[in-house]
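Sending over a structure as structure tokens; questions will come in a sec.
Labels for the chains are A, B, C and D, by order of writing; each one numbers its residues from 1.
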Amino acid sequence: MVALIVALLMLGLSPVAALINRRSGYIACSAGSAVFVYYGMTNYSNELSLFYVAAGLVWLFTSVYSLYYDHHRWLGPLYTSSILGMAIALTTNNLLVFLAGYEIMTIPAYVTIGLYKKTDYSAFVFMGFGELSTILILAGFLYSYVVTGSLSFSPLTTITPFMIAAFGFMVKMGILPFMVTEWLPIAHGNAPSNVSAILSASMTLVAVYGLTKMALLTPRPDLFGFILLGVGGFSVFFGAFYAYVSDHAKVLLGFSTVENNGAILTSIGVYLTAPTHTLASFSLITTAVYVLAHSLAKTGLFLDTGMMENEYLILPRILKNRLSDVGGVLLASSMSGLLPTVGGVATWALLESLFMEAYTLHSALSIIPIVTGSIIAMGEGFATSTMLKFIIFAHIFNKRSSNEKTRPLILLLLGLLILAGGSATYIFYRPFLASNPALGLPFGLIASEFSSQPFGAISPLYVLILPSLIGALVIAVFGKPRIRRSEVWNSGAPLNEAYTSFAYSNNIRLMLGKLLLTHIGRDGVKVVDVFWSLTHTVAKLFISFSRHFSRTYMNSRLSWYVIYMILALIVFTVVVVA
Amino acid sequence: MIDQMVEALIQVLGTILVAPLYSGIAEKLKGVVSLRRAQSVLQPYYDLFKLLKKETVVPSSASELFVYGPYFTFGVYVLISFVIPVVYPRPVFLTPTVDFLGGALLFSLVSFVKVLSAMDSKSNYVALGVSRAASFGFLAEATLITVFFAVAISTGTNNPYVESAYASNPSHYLALDHLLATVSFFMLWLFETGKLPVESQGLSEMGMIDDSLTYEHSGKPLALLKWGGYIKAYLLGSVWLNVFLLPWGGQVGVLGAFFDIGLMFAKWMILIAIVLVAETSLAKLRLFKIQDHLAIAFVLSVFSLLFSVI
Amino acid sequence: MKTRLIGEMGGYLLYSDHLEEIKTTKNTSNTSQEGSGRPVGSLIFQYGPATGGLIESVGMNIETFGEYIRTISVEPYKMRTISISRSIEDLLLSVERVNGNFAASHVTAFLTALENAYGVTPPRDVILGRVAQIELERIRNHLLVTQRLTEHAGFSVPSANLLYLVEEVNRVIGRAFGHRYFYGVNTLRGFRMDWQLDLPTLKNIVDEFQEVYRGILDNRVFIDRLQGNGLVSIDDSIGPAARAAGLMYDARLDGDLAEVYGEIGFNISRADSSDAFGRLLVRGQEVSESLRLIGKLNIRAQEYEAGWLDAWEKDIKGFTGGGLGRVESPSGDLAYYVGIHKGTISKVLLLPPSKVNLRLFCSSMTGNVFTDLPFNWESFGIWMSEVGVEFV
Amino acid sequence: MNWFLKGVRKGVRTEKTPSDVAPWSTELQFKGIEEESGVTSESLRCPTSAIGPGWIAERCVYCRRCYPHYQPTGNHRMGVVKRVEKRFQRSFYLYPIDVGTCGACNTELRLIASPQHDLTRFGIFFTNTPRHADALIVMGIMTKGMREAFRRAYEAMPEPKLVIALGACAISGGIFQTEKIEADVVIPGCPPSPYTILDALIRAKGGRGW
């Protein structure tokens, strides 16, 4: 408990510190985050504690990174206060304080995007959807207050509050059809990478946290659970699909977040609909592990884009060196759900739980998890291709190397963490540990179960060790190769133009033209993001409204805009606390 | 413990050392059917042996990934050969490392590393092939996962060995879901191993898909990639034989393990016969028709999933 | 018969019945056009010069944004220059080697040009002999083209079978003429032939080809690779490409040997689709037709005293003139113009069919995907060797 | 299925021993009446001065002007192997590069893959990348455009490797009288027949020839 207070104090101080001196602010924030992680680990009560660890790590790495990145006087305070908001939301047990934290986290983000905006509407779109999310959550909370008569998170007898709030959280998670809220502001507003990281990694994390927390307090609803499950599945597919055909690094990552949040939502769906208690708890752990995997990997990749000069993969100019290359590859492999990384374990567990559910249900209902599972499987396929695209064109296909050490080192650390973390998930799956000494696995096995006997099992630790071991053995047997350097073979001609990221994913544009409404014209290939074109209309309405609003009340001057935000914040907090 | 180790050894060596032979036999027969005397069935071994002795040319801007990636992928393949029933019908040493789905994820780990290693050469020809492989990947990977689950769901466990035993029961074997999964997996196998009607090892660079992944490699790494390719074909093919098409006849015990190698040979002759007919009577599909081929495989596997629970 | 444009040869436009100087320079570059400028994310993919997929060295610059071919331009990397300032007999040997697979066609066109220049006509047997060689060449080439197509489709059995037949044709030629590519066969005085042409064997070869050919046409997947692939704008096409589109374009109807072809009753083969498939259909029919023609010729080796030749050897001062020779090579119209100044050869112009076919190929590639490129390429029967040649 | 059956029915058509080689692609021998020293390239108007003393295989383009003084013997084993590479005994991959041919060498080279000849039975194969190749087969006269590509291809090949010059153009400049290309294995002929090519290739990897 002491740890928590310390952490919150440090985080609370950090915005103030940042106003005075940026570095000190970030340092305070890092320290606070570190303590927060410590708190999460020591007071490991249930899966929710894992959210603390994940969030804390994200903040820690991002803040340290920001020490070497930030280049704007407003950024420090805004960034740190946003984190403070998250910390509050994560740690409170009071509905309204949660909401307050939620706003404290969101509003600075509006401002940052407003400050960095390239296109005027992005900030407003983000704000619009943000507020929509808040309103829904508020409604859900009020309803819960009406039901339970208490302002703290407390067990519910009806699922209605959860349903309403769930939609609010889903908006924040950028779940289909709200995908646009995820990538648009980051990309078009072009938020600085450290903010992108917390926007995409930990802000959605808070939403997931809220969703999970509510779910834990709600009687497990059948139908709604299946809806979440299905919607999640489709988000995975479309998220990954659009990520694959995106050539803007941050859009790509944004969509990939949609994909991951979809998976997480599905996992929650499984928890809500699981026929057996064993399966329920398995999927709950899976949810938490998935959150951890996504937060860390996504943070890393966004920080990676922070080292890009040009955010288009078509001609990326990224400060790269051996460290960041290795880090990037590790992070990407986790993002593509490959063992032995955390991402791999999460993907494995999610798919297992889906199909276990299908098996245990053994009825017409099984169709839902099966179809969802199959769709997610396809999504994973796209995810792998997408991450390959990112690594190939951000790291391998560009020659611009740097000898900067610090930021690449941070990336590498994250990568190693996510690699080793795969084996560490062992701890979180405590109830599901197995072993088979007879066959040489005395420990390190995670078994997926829906009842007494196990369904399947993996040992990330062994997967981490064995291939490299065998590889080394192979080297020992056949020896190292005798190497001579020579230029790449390009059928006898010098290699003048390298393959582009656009061309890399063009087959899909041509093959799935119906889905993308591909059009080949005189000036190249055009595709339409169906969901964006939907949400864009909504956005436009909101833009025109806020344009009018800002003209009349804020003379469209940013300072006023900021002041308005802060006032709104204060007023809101006062209202809440009173 | 010791017995399991010996059995494991037999299974793994039986995979690594015998795998190239099946490719050799298949190529020989294909040659004979196409009016030629054709090369020796041991040709794959000759090629590997020679490549292991050759120099390795590395593109100027490539990194260690290009050189040592193949070693790693080979390691993963060897690990998989511990895990799935490719020779011995009972779990052997280290088998529980991953289950069936885990195996599928290991296969995609291999392709991930393979692609990075190949792309590290920065060759446009590699990129051309990779971009194709990547755009079919989503269906291939999905089918691999669903088809593995197809059996998992009917047995209630994701342990391939149990599934093999389960499928050997005629009533389960003839069940619709099993048959669908069998067909689906075979179609996938054709894609994964670059067989007609999906791909054919020709000289034309323009048609490359899988071949592009070895296009720039040479010497030892190339040998390991080729060898890995043989092993992959053997692993997937044997799973298909032992879990789907012919889940019978596996003997236990150390002696049994030796017998099983012979048994696998017999089973493989059947697979090779089927493939031979396909390879000699089909022509290569147009590029974008390949996704139809895979889509059918995927849909079949999903149907088999549905039938197994309803 | 109406006049048709065949192509450009060194500053002149060659029509089926005359040669005229070019006034306005029209675009005959080997580039297909679509839109202008470079779309985002596109690249120039360099294919060649040294490829495993194509028989000869050729460089292709393919503008693409991934799989889809936007424009393509072909450059012949192997440019050979042939000096005309050597003895006419040595020059003849070089002409043989302009394109080995069409050697007979080239030599015939070249000699016909000379003979026209000097206004002499060789004996009928010599002309028949040349016709026979050209038709043998046609059979071999069409077999080879079909084989290449099946090979690219990974169609192993027919591919092997066709390669077998190509080798057999070569052996038939080798037995009769002593050389598989007619090198050293034709001289200024006629042609050499050691043995009678083995017609029965040739007939068996063509019969087996027809069987294979019908077999591959039954295969849906294979046909799918060709249909709609490489649609050409027919107006200025030649050879099988033109006939595939249903045109009556054939030098055997309006070329220098038209008379002979007319007498032995040549029937033109045509199809009704201007894509790679149509071109395959035409070749399939032409193989049988060529066999039929050869059967009617019953040729025997023959030498003659070429009057102009002696004149040339004595180098009568002041013989100045020029002659045009045009024959139907396996891939379409092939023409030579030989200019003679004061008894020595002063100018040689060449219009190889591959030059025209190359233009057609490029114009037909836009909108195609990479994997269909080899099929379209082979379907034209292009030989870069004759494109890259220059007489100086 | 259909083609599978056809293939089986037709059976293997690979020939056991060389047969039916075209005379004017084989070794020439003096068959004249007067002294061999009496006839020279000049007297026979040999375009590549391939006569005297004796017959010089590398230069001959088989124009037959020396007939009847020189006549074909039917011996196709004219290849000259300067360096044998035993390591390729059982696995020999070829990368052909055409630096300026008339197309005849290309076709004859492809024809060693025909069922009659079937190079694969000797463990010889074509490959489409120099990285996998053991030997670089160069044919045609060295043209300006291809010189660079030739160098790159050689560079791209891993050691040990052989260079094989195929056809009169490559080994002596042939009728075009251009430079000759240095090589470990030299295969005369214009073009060399598939028999000549196979024989040389087999001997290059330490075999007894064909």
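The working rule: contacts are C-beta pairs under 8 Å (C-beta built on N, C-alpha and C of every residue); 3 or more make two chains touch, one makes a residue touch a chain.
Keep in mind it's a predicted model, so treat the numbers as computed, not measured.
**Student:** Can you identify which chains form the pair with the largest number of contacting C-beta pairs?
**Tutor:** A-B
**Student:** Express in whole angstrom the distance between the two chain centres, defined as the mean CA positions of chain A and chain B.
**Tutor:** 34
**Student:** Can you give the whole-Å distance between the Cα centres of chain C and chain D?
**Tutor:** 25
**Student:** State, to the nearest whole Å, the distance from the C-alpha centre of chain B to the C-alpha centre of chain D.
**Tutor:** Roughly 40 Å, centre to centre.
**Student:** Just the number, please: Cα centre separation of chain A and chain C in whole Å.
**Tutor:** Spacing between the chain centres: roughly 63 Å.
**Student:** Would you mind listing the residues of chain B that make contact with two or more other chains?
**Tutor:** As it turns out, chain B has residues touching two or more other chains at 33-36, 55-57, 124, 128, 131-132, 203-205, 215-216, 219, 280-281, 287-288.
**Student:** Please list all residues of chain C that touch 2 or more other chains.
**Tutor:** Residue numbers touching two or more other chains: 43, 45-47, 49-53, 57, 66-67, 155, 157, 160-161, 164, 219, 369.
**Student:** At least two partner chains per residue is the criterion; list those residues in chain D.
**Tutor:** Residue numbers touching two or more other chains: 2-4, 7, 10, 13, 97, 115, 126-129, 131, 146, 149, 152-153, 156, 158-159.
**Student:** Based on which chains are in contact, what kind of graph results: line, ring, star, complete or other?
**Tutor:** Shape of the chain contacts: complete, all pairs touching.
**Student:** What residues of chain A sit close enough to touch chain C in their complex?
**Tutor:** Within the complex, chain A contacts chain C at residues 247, 314, 490-493, 495-507, 509-510, 520-525.
**Student:** Give the list of chain A residues in touch with chain D in this complex.
**Tutor:** 484, 486-487, 489, 491-493
**Student:** Touching chain A in the complex: which residues of chain B?
**Tutor:** Counting only chain B, the residues touching chain A are 1, 4-5, 52, 55-61, 63, 65, 67-68, 71-72, 74-76, 78-79, 91-102, 105-106, 108-109, 111-112, 115-116, 119-125, 127-128, 130-132, 134-135, 137-142, 145-146, 149, 152-153, 156-159, 205, 215-216, 219-221, 223-224, 287-288, 291, 298, 301-302, 305-306, 309-310.
**Student:** Within the complex, which stretch of chain D touches chain A?
**Tutor:** 97, 129-131, 146, 148-150, 152-153, 155-156, 158-159
**Student:** Applying the document's contact rule, which stretches of chain B touch chain D when the two form their complex?
**Tutor:** 31-40, 43, 46-47, 49-50, 53-57, 203-205, 214-219, 222, 276-277, 280-281
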